[in-house]
């Protein structure tokens, strides 16, 4: 396992099906880092490491994780399987696939049956960043300092949009 | 506004674009009730009541809501706009549309730009129930009793699946 | 707000969700300029500036706007929300999205529910130019000079098509 | 040609490719009638009556039409061809098709090339009603009384949405 | 576990995510029975019984299974996960889903990453029957009697098609 | 083989993959009968009768067929294979499939590689009738009487469309 | 009009909506030239030159055309409208569109209503070449020399395929 | 025919519709070679060499083939037709097509009717490799040495995934 991104005990696990997913998933880690939310990052392949995946799920709650962000592409089973393996809430990121551009990833993640939810976000980089932001918003409901950071982030984001000019 | 579904102050708002969405969205309310999570239920149309929607969003955090579950169909803007209006995390449910069966609803909800996330679930009844379950899982990360309820629910669900027989 | 594209009071507002939409939306502004229809151009993000958007909508009619052209991509909520916020007619342009090439943008804009219309055009540059042309055609129904300009434009367009040769 | 829906000279032409489209297109006529906007209704098949279609287009402006609402299904060419034949603005309604539920109709109408716009609305009944509402909104920009009617309609619509209760 | 469909030790496991998949999956069992290929039938939910699924996969080869036919719908993870859990070849059947008619099921099953294959068949009943026929064809490559049965089945099928008349 | 639909030597072969395709394909036969074009009708399954199909193709030209209309659904290979087997022009009809409503049929028929064309028509009944009409139009280029019939048919069709009224 | 591609009176008209379609449509002209079938080539825009299109259709039969090959992209109306304007058979080629890669073009061309057929071919270059080949096959049914050329072409094509080696 | 990839009598035939499919299909051959499974490789075009295809199918079983891997793109008929022509099990690989990226290939291969199965894999390179792996898994059910190789391959694959690090 890679070292946690910060020295604090991780409260968020960011997992992905392959190291090739990192280009997308780094946007989740980057956002968590910006907010000072301790996370760990790990490749957990549902199809090539199913037992490791099961162990990861079984240990997630006990290790103090309060969210798992899982990214995968194509027949993307990692988010849904992780949701089956732990009661810790799972946030899924559809990684764009080579030929179907993530339509397969999206449907494989979002169309979960009743009883085992995966919170799903947009295909690609935006989805990875937003999964992290949603985790932060959930954590912020019981963390005043984080909520203030989130509100400040959103205020800055609004100001940045307001400052946008088109190059007439 | 409809009365809260329980006498406790609601911690979850369940909103939808039209009363015709109730057939789907009742599955969210029913799940929250099963877990004893106090919620309120309200029709908030993004397109016909945009200012009410803005007020709802502005007041959500202050009123103690820790999650908003929003369902809509077609060009489904309610979940994304609510996410723009409050830092309370928003959980979106794509309601099936008449001709495109919810493909339009799903894309309108899940494909949010970086910075304003909506946690999206499956089209229809399963998605509504799962949005509630995901909210519960988030709440359960800081509520031991709720976590036990969730674990019990999942254990019963596993037993029910194990008991399934096919009619040979 | 950017200065109006001409010194006359703008009769058309051209808005977009991000400055990155300009590459597409400039085709609307360019067409309006060609016809001498005064317009203003502004970034109004539905998701990052929802209150500014509401103000823009509330003021649109009073400021003399007779049309709003709104472009957005992905979960494209700006056109539909603007249509909810003003009785000024709204013309929507689906901006191509990174992975789904604007299919999400198109459905998010065109599939509006009964009661709140958005006139929708083709994905991308052609749609932006055509939104402007449709606005011009509407204005021309009560503006003889503009109608003559439009007829001349169409006649030139016909001549240009007639003059096309294939390089045998 | 069917008689105009009101005794006044029609300002809107509502045309459709077949009488079987009436089930959808009546929602446009009904809306225009509610607003007292005089319209005529006619079957004009692009494929079976192309010369009549051309005549209709050639005469539209001279007859005082300020908008043409055109509905068609499948390979839906009527709206786009009408837009080619008159400078009067055309509003297209994708009528649901038997097997592809209007996806073909939508793409055939909305994806017009640069230079010849069709304002496109949702598939089916909602789209027909909204095409009419958009025409009304355009007419209302130079008709104070109609604008007041439109604002009243929108206010009533908002009230109706506000009054919606879910059957808890 | 349901009793094997015949008294012989099963060589094929037919599993499905829910008893509601039986309507489709019975076509696989029926075909195996017709050929006298011993099979067992069991509900194994990837999402509600992940550990049972892992056990099933771990034991499959040792128990003498030479093929696993797995059917599931929506975010259909059972076939791919079973393929991850055993070297016994897995044959996947996309069960039609409520709103997307099995498009989600198909993509979730067929788009497996390099290294972990699932042989995928048509959506629904035809796919279930064909998964069984393909298993039979594989078994027949080392079983002369079964190959003769298969050839006879195909010959009868050809004769039945040849005998088809249209009701002129 | 079914008897030819008329006593004259057939000039058109109407073939289909299964007798269940007749509900759609009868619209081709009916149109040919209306024009007095002699045809034969036969079930030729590409997948269950491949050698019969090859024989049919090999004999088509010598038997005097000037067109083959082929209908099939799902993975619809009959039209394309017939086009591979004879230089007689092939006209393909996508028969609606159970779950994908003919989208699979359409793509399987129309997307032929360079060198082996299939003229493809709309999904379902309209496509079957139109395949026959296109065959008739081709035959009519060297048959004055048939051309007159075709012109009369089209004139009647135009009159029928002109006579359509909407039930105001 | 461009000069005919050969000095003989053209029997095939190859038309397209814009000179930008030439990159695709040249594959039709090239094939016709290879077979010595006289054709003319012309840009006829349905949307920018609707009256020229009507004239082209009205004159087609009288000028001796026995087929019209029409290519267009996006909301591709040229093939269907030409089919409405002449009894000469029309062969449609879906030109790839910028964002939807020709899916819109395909549906706009193939989904014609009963009564007005367009023979449709694959998206892009293969479709253009195949439209020409299908025209040739139709002409060859009454032209022995052309039929021999077609059979020779097909035989050479078969030989070329047989000669293909993979670079092991 | 190309020489077998190894000197042993081939047990797997790898065929494809064109030499241009080799870029994808080489991943099947490479995998078979890695496992020491003797295969032959050949271009067999369903549409340009239908009789050669029929011969290939007729001889497959007698020549000792225990599996045929068939790749094709667009209207991909080779896998399904081969399945119609031999009782040897067929494994289909959807080769990406130019404009529709293999969606057409996938549906043309997977949606086979009841009675004639094609085991289908992912679009492109992953699908080619996986078709080979699935063949190997089937062969391994009666070949202890091959099963050991397969288990070793899977174990190495698991280790490789476990060793993946993200570049924090």
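A, B, C, D, E, F, G and H are the chain letters, set down in written order, and residue numbers restart from 1 in every chain.
Just so we're on the same page, a contact is a pair of C-beta atoms (placed from the backbone, for glycine too) under 8 Å apart; a residue touches a chain by one contact, two chains touch by 3 or more.
Model, not experiment: these values are computed from the prediction.
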Neighbouring chains common to chain E and chain G, by label: F, H
Chain pair equivalent in interface to A-H, over half of contacts matched, among G-H, D-G or A-B: G-H
Centre-of-Cα separation between chain E and chain A, whole angstrom: 34
Euclidean distance of C-alpha centroids - chain D vs chain H, Å: 52
Centre distance in Å when chain B and chain E are each reduced to the mean of their C-alpha atoms: 36
Junction residues of chain D - those touching two or more other chains: 18, 48, 74-75, 100, 103, 110-113, 115-116, 118, 122-123, 126, 157
Each pair of chains that touches, named by its two labels: A-B, A-C, A-E, A-H, B-C, B-D, B-E, C-D, C-G, D-F, D-G, E-F, E-H, F-G, F-H, G-H
Interface residues, chain D side, partner chain C - complex: 27, 66-67, 87-89, 91, 106, 110-123, 125-126, 129-131, 133-134, 137-138, 140-142, 147, 150-151, 154, 157
Residues of chain G touching chain C in the complex: 2-3, 5, 16, 18-19, 22, 25-26, 29, 41-43, 45, 48-49, 52, 74-75, 98-101
Complex contact set, residues of chain H against chain F: 17-18, 46-48, 50-51, 54, 57, 73-75, 77, 80-81, 83-85, 97, 100, 103-104, 107-113, 115-116, 118
Contact set on chain E toward chain F in their complex: 96, 101-103, 122-124, 126, 157-158, 160-162, 164-168
